[in-house]
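Inspection log for the structure reproduced underneath, given as structure tokens.
Per-chain numbering from 1; labels A, B, C and D assigned in written order.
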Amino acid sequence: MKKIKRENLKQLFDLISSGQRLYIPIKKAGQTNYGIYAADSRVDLDTLKTVKSSKEAFFPQSETLYTVTKENRKIKITQQELEGEDFVLFGVRGCDIKGAQVLDRVFLSSPVDSFYEARRNHGIIVALACSEPEESCFCTTFGVDPTEPEGDVTTWFKGEYLYWKANTEKGERLTALCSELLTDADEAAVEEEKESIKAILSRLPYADLSLESWHGDATNEKFGSELWKELYKPCLACGTCTFVCPTCQCYDLKDYDTGSGVQRYRCWDSCMYSDFTMMAHGNNRTSQMQRFRQRFMHKLVYFPANNDGMYSCVGCGRCVDKCPASTNIVKVIKAFSKEVNSK
Amino acid sequence: MHGIGVFVCHCGSNIAATVDVKKVVEMAKLEPGVVHAEDYQYMCSEAGQEKIAQAIKEKNLSGIVVCSCSPRMHEATFRKCAEKAGLNPYMVEIANLREQCSWIHKDIEEGTEKAVILTRAAIAKVNLNTSLEAGESGVIKRALVIGGGIAGIQTALDIADAGYEVDIVEKTPSIGGKMAQLDKTFPTLDCSACILTPKMVDAAAHEKINLYTYSEVEKVSGFVGDFTVEIRKKARYVNMDKCTGCGVCMEKCPSKKAKSEFNSGLSNRPAIYTPFAQAIPNVPVIDPTQCIKLKTGKCGVCEKFCQAGAIDYKQKDEVITQKYGAIVVATGFEVIKLDNYDEYAYSQSKDVITSLELERIMNAAGPTKGHLERLSDGKPPKNIVFIQCVGSRCAENKGKSYCSKICCMYTAKHAMLIRDKYPDVNVTVFYIDVRTPGKNFDEFYRRAVEEYGVNYVKGQVGKVAPQADGSLLVHGVDLIDGKQLKISADMVVLAAAIEPNPTVRNIATMLTASIDTNNFLTEAHPKLRPVESPTAGVFLSGVCQGPKDIPETVSQAGAAAIKVVGLLAKDKLMTNPCTAKADELLCNGCSACANVCPYGAISYEDKLINDHGIRKTHRVAVVNSALCQGCGACTVACPSGVMDLQGFSNRQIIAEVDAICR
Amino acid sequence: MQELISRLKELLESGSVQRVLGWKKGDFTFNPEPAYFNSAEELSEFVYDGFCGANLSKYMIKASNLEGVTAVLLKPCDTYSFNQLIKEHRVIREKAYIIGIGCKGKLSLDAIKAQGVKGITDIKGAEIDGDCNELKVETLYGEKTVSYKDSMLERCHVCKGKEHMIYDELMLESADTLDADRFTDVEIIENLTSEDKFTYFQRELSKCIRCNACRNVCPACSCRKCVFDSTKFDSEQKANVDPFHESMFHIIRAFHVAGRCTDCGECSRVCPQGIPLHLFNRKFIKDINEYYGVFQAGEDIGQTSPLTDYTLDDMEAEERR
Amino acid sequence: MSLTNEEFRPKIVAFCCNWCSYAGADLAGSSRLSYPADVKIIRVPCSCRVNPMFILRAFEKGADGVIICGCHPGDCHYSTGNYYARRRMTLLFSMLDYVGIERGRTRVEWVSAAEGVKFSQTMNEFVETVRSLGKNVRLGDLRCKN
């Protein structure tokens, strides 16, 4: 266990970023999002949740896959180079780390997504425990431990200090790199902090949120429920929930003509959009009810069905905070448990 | 599958001197879709066109780009050439390498580079061209003339003489219009009624002309060749078929307090009346605001005296619907209201009158039986002052900015007639300029000055002050002598400006014809299409388009008629295929497009739309391609890009942009 | 409030409306959601308070396709949008029974959080029957009090007024919340150098995640298919792949709603990144007011929209300041 | 910030109305009134056909300046098109100005078919203005800047 004074964090960031890219929550124009650290960045580790999750570091909102150029009447395809350098992702909360594990299931299972894999291999995650969980948090429901999130390094804020514990070989390397700024610490303060967090967790409004009846075998029971017909109604069909979500992984492939060549890129897509998976014959989900249902069925039923019971929601609560119509996954889960209870 | 052919013209040395045409050909060959490219000395020549035709046939080209002079020069030529070779003429694009490249760029490298880009843009566009077919629409062989003054009558006569049915809609009880109110006409001084009435009679008698007097156009729909018009025939309360025109009813009518419109309000008329003795049709109407029977239910004198039994108090307005191939607007003018010109004391003194009122006073059938006398005391005037440009050529917002055009001449006429008949009367005319551009006009004016001794004073009148003795003190200025003048007059005549008949606004809206700030109807082109409205099938006759005198009106009336005849003579109209088209699958039906369409070409329908298997009824825009002229205003008003312009589609223009910026 | 619920019950029970479009209680006091109520019983879930910010006019586009009449609760500012939608034939007047409800200013959870409040579990003082002066905020970390005014949405500080532009009946009182000029921020930006303007907007827009919340909530963005979702201009965009697209989307969106935007402020309310999107719309509104005469979309259905209108002596593009 | 060297050749897109400015450009050509080859004309039926999307597209793909030419107010072939165009472009360009796009990169000019001289002068001026502003770096897709 190591520690570093809060006031020395800037030196730490400067040091880390001198040899590699450092992704860290940065406050810009009033909002905190992950960004690449620069000496003048306004690092913000106090905001619990970045607007967008940290998934962008591994699965950016858009990325070029290959470029097609024309030489006379012949075409040439150039693949985009894979991530080849280590980078540090700093201040990741437990929910986002769990989110990465969900994405691993998608992108690292065969066929492996090499772009994602390369980033994942080169990324060093410095996790940060949640000193002050918020009302919309329900990560514990999905088995996340925000008191000690699993990263290559796990850190805690306590008093004047940031406590630092390396968990993996990558983490040890980073610790070694920062050794001049880190001093030894005992675990007592961290244990105290963990207890303090636990106390708050037990008081969270969603602490008792139950996933009972949500599992991989629930397809038939849930799919045909009449509840969806009411639940979807406030939905504006925007993509806010999917774009702030740490686990949403759907993307579209598109071409862009730069004038000197065509870039094939992929970008996030949202199952909430009416043109999602649009095909020549039309769309396989023709109503917003169906799209709305798909999102939650996927997260809470289909995904666990195909991934050993792992849900593809991590309880970060971003959608709870951000939905313009105040509808969200918690309301969906609760609506169904009410139905179960009333039966 | 696309197969584009590119044909680069040398235009002798016009293009080839500053553009490396061989390079343009080589570069064109690399563009997507291009399967053939060649150059030639003169593409527009017979041999050049033959090359194009041959390539189209041999290589089965789906589109061609001709790199030559401006499309304004030879687009039509190459379209015809393509059509002959079996290619849709709208699959042709022109790259303007001469006017917009070789002629302005001296440096061959620079010129060639630009030529390559322009060619590239044209290829990018033609790749997205679609075959377009000019549509056809039928023509209803009947014309409508709105307004029954001299303009309307002449237009109707000319159309009818060419063998087509014409309806005249006139809102007053008789045709004749303003000209019927005039006493004499310049520059010949012949009697207005003597030359007008025969025309009125001709119109009424013409087997191809149908008169709807005391009627108004209420609704217009449709488009060139096929308008549907609703006409309201106001209740006359007199059966036109039974009335013999004997006039007894008018004599016996006890309600005689209404102002005679025909006499400019200077005399009274009965509640049952014809506007004037020679009215056509010679069937009176009952003015429901004056008729005692219609107002109170008592009286019924006219009915009692009518031997023909033509009086029908129960008559109702009748709306008839008729179809027309063409519409002529001939709504004429009114004299402006003089409320803004009280410095001339028009409202204060009966002896301050407008020129039109003077016409009535001078007319034998007028309120004074043609005797020149003061309306206040009936005495003959000794000193008359004419004031020109009252409300015309007005810089401030007070009046009209334009010249009313007829006033100089009619004032000269009035002055001359007065001096001729009453040589002892002094006549003074205050004027800004005297404008006499017309055949025998200046000679006419000079006669007034030189032979008849009319006193023309260049200068304006500041004030007319009625005096206690009944005379009028005219405060003016003589600009030539630089003197203030005070003239004691016993009659002042104002040459009030004329303005379009106020009903024209409503009519323009119905016809989607545009009007200018002064409410004159806009012509399609101020020089080259002066009698056509920008709305196809709508034509302009007379003062509704701008101030005119009688000879000009009659010539414009004839011109409008020949345009109508030219239209009605066709059995089918070819429509411009570069028209707007809405994608009804995605149209919102929001009306943004219709709001900017200058031709009223867009309407809305509730249509059952099948969107990939989901059937729903939506309100969608429908463009009438016969009306659409292809400006594209609607395409930009449409936020979802659903409205597109064929031949200049969104994607075509975007492709050009991309090609240029590449 | 009770009066309102009774009236809604009456309307539903009498069969004069088939459903009510209003707000349903959330799982917190501060997250009610737009909802339909089909029966008097369902109204037990009904709520209307300071957190009911959504402009339900937008939902009426869909509700116009439903059987029968929908009673819709519209705040004064929402009625402008409804009028505009009537004008554009996107809603059917006869299908709506408009209850013009009072408004004492709508609250922004972000504005409350910006006052240093974290972990909110309950908020009291937003009730429409209350005096709306102060909010008692319960949090995981203790109780706090914040002023109602400081917690309002930006749009309420520049409120268009208490008058409903269209309604069938009126219920509940409104309060004056106007305390700022809506063009101040636009003017501040206008007075920046070109470079600073660019920097300002790039910073703001770089946050955009292209979730389309602004577009989808906007009552003026009622296109069946947005140009940014279609191939009409080869213009489909799914993500802000490049800073250009961030600007392009917002400029074009603002242009498409220019002369139609009622300045309802929904775009800024819903932006998950807190981008002051109203600054785009207000720029157009300000320009229109200055160049073509004051115009308020949705005020008068009969009025021609400035972009489908012209005068012969309109200002030239080069003459603008 | 901006490149102002002599060598900089801006890309200029000119949207010209078929009935007036396009003919004005032709007249400039037949009168041999030169203007820089940087200007490339796109023929449109009327200035009211110019969609803001086209203008932004041009900038996206690397244009440094965009100019719209139409008939003088009152002379529109379709009677009202340029009036609508005038409002649209005034507002759009004001917005571009507001988001920090240099004002000189956009322009509206009314050029009749008879005004070859004006056409050439306008283009000379416009190219000069854009050239002095340098490469457009604020409103373009970075992927297109190779």
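The definition used in the following text is that contacts are C-beta pairs under 8 Å (C-beta built on N, C-alpha and C of every residue); 3 or more make two chains touch, one makes a residue touch a chain.
Nothing here was measured: the structure is a model prediction, and the numbers come from that model.
Ranking C-D and B-C by contacting C-beta pairs places C-D first. Chain centres here are Cα averages; for subunit C and subunit D they lie 36 Å apart. Note: centroid distance subunit B to subunit C, computed from Cα atoms, is 46 Å. With centres set at the average Cα position, the gap from subunit A to subunit D is 46 Å. Taking each chain's centre as the average of its CA atoms, subunit A and subunit B sit 68 Å apart. Annotation for subunit D: residues touching 2 or more other chains are 51-53, 57, 61-62, 80, 84, 88, 141, 143-144. Among the residues of subunit B, those in touch with two or more other chains are 596, 637, 641, 650, 654, 658, 661-662.
Counting partner chains per residue, subunit A has residues 256, 259-260 touching two or more of them. Taken as a contact graph, the chains are fully connected, with every chain touching every other chain. Within the complex, the subunit D residues that touch subunit C are 1, 51-53, 56-57, 59-60, 73-74, 80, 83-84, 86-103, 106-108, 138-143. Residue ranges on subunit D touching subunit B, taken from their complex, read 11, 13, 18, 22-23, 25-30, 32-35, 37, 40-46, 48-54, 57-58, 61-63, 76-81, 84, 88, 120, 144.
Residue ranges on subunit B touching subunit D, taken from their complex, read 70-73, 96, 98-101, 103-107, 110-111, 113-114, 117-118, 121, 514, 522, 524-525, 534, 578, 596, 598, 629-633, 635-637, 641, 645, 648, 650, 653-654, 656-658, 660-662.
Contact residues on subunit B toward subunit A in their complex (touch as defined above): 30, 611-614, 658, 661-662. Against subunit C, in their complex, subunit B makes its touches with residues 516-517, 583, 586-592, 595-596, 604, 616, 618-619, 637, 639-642, 644, 650-651, 654-655.
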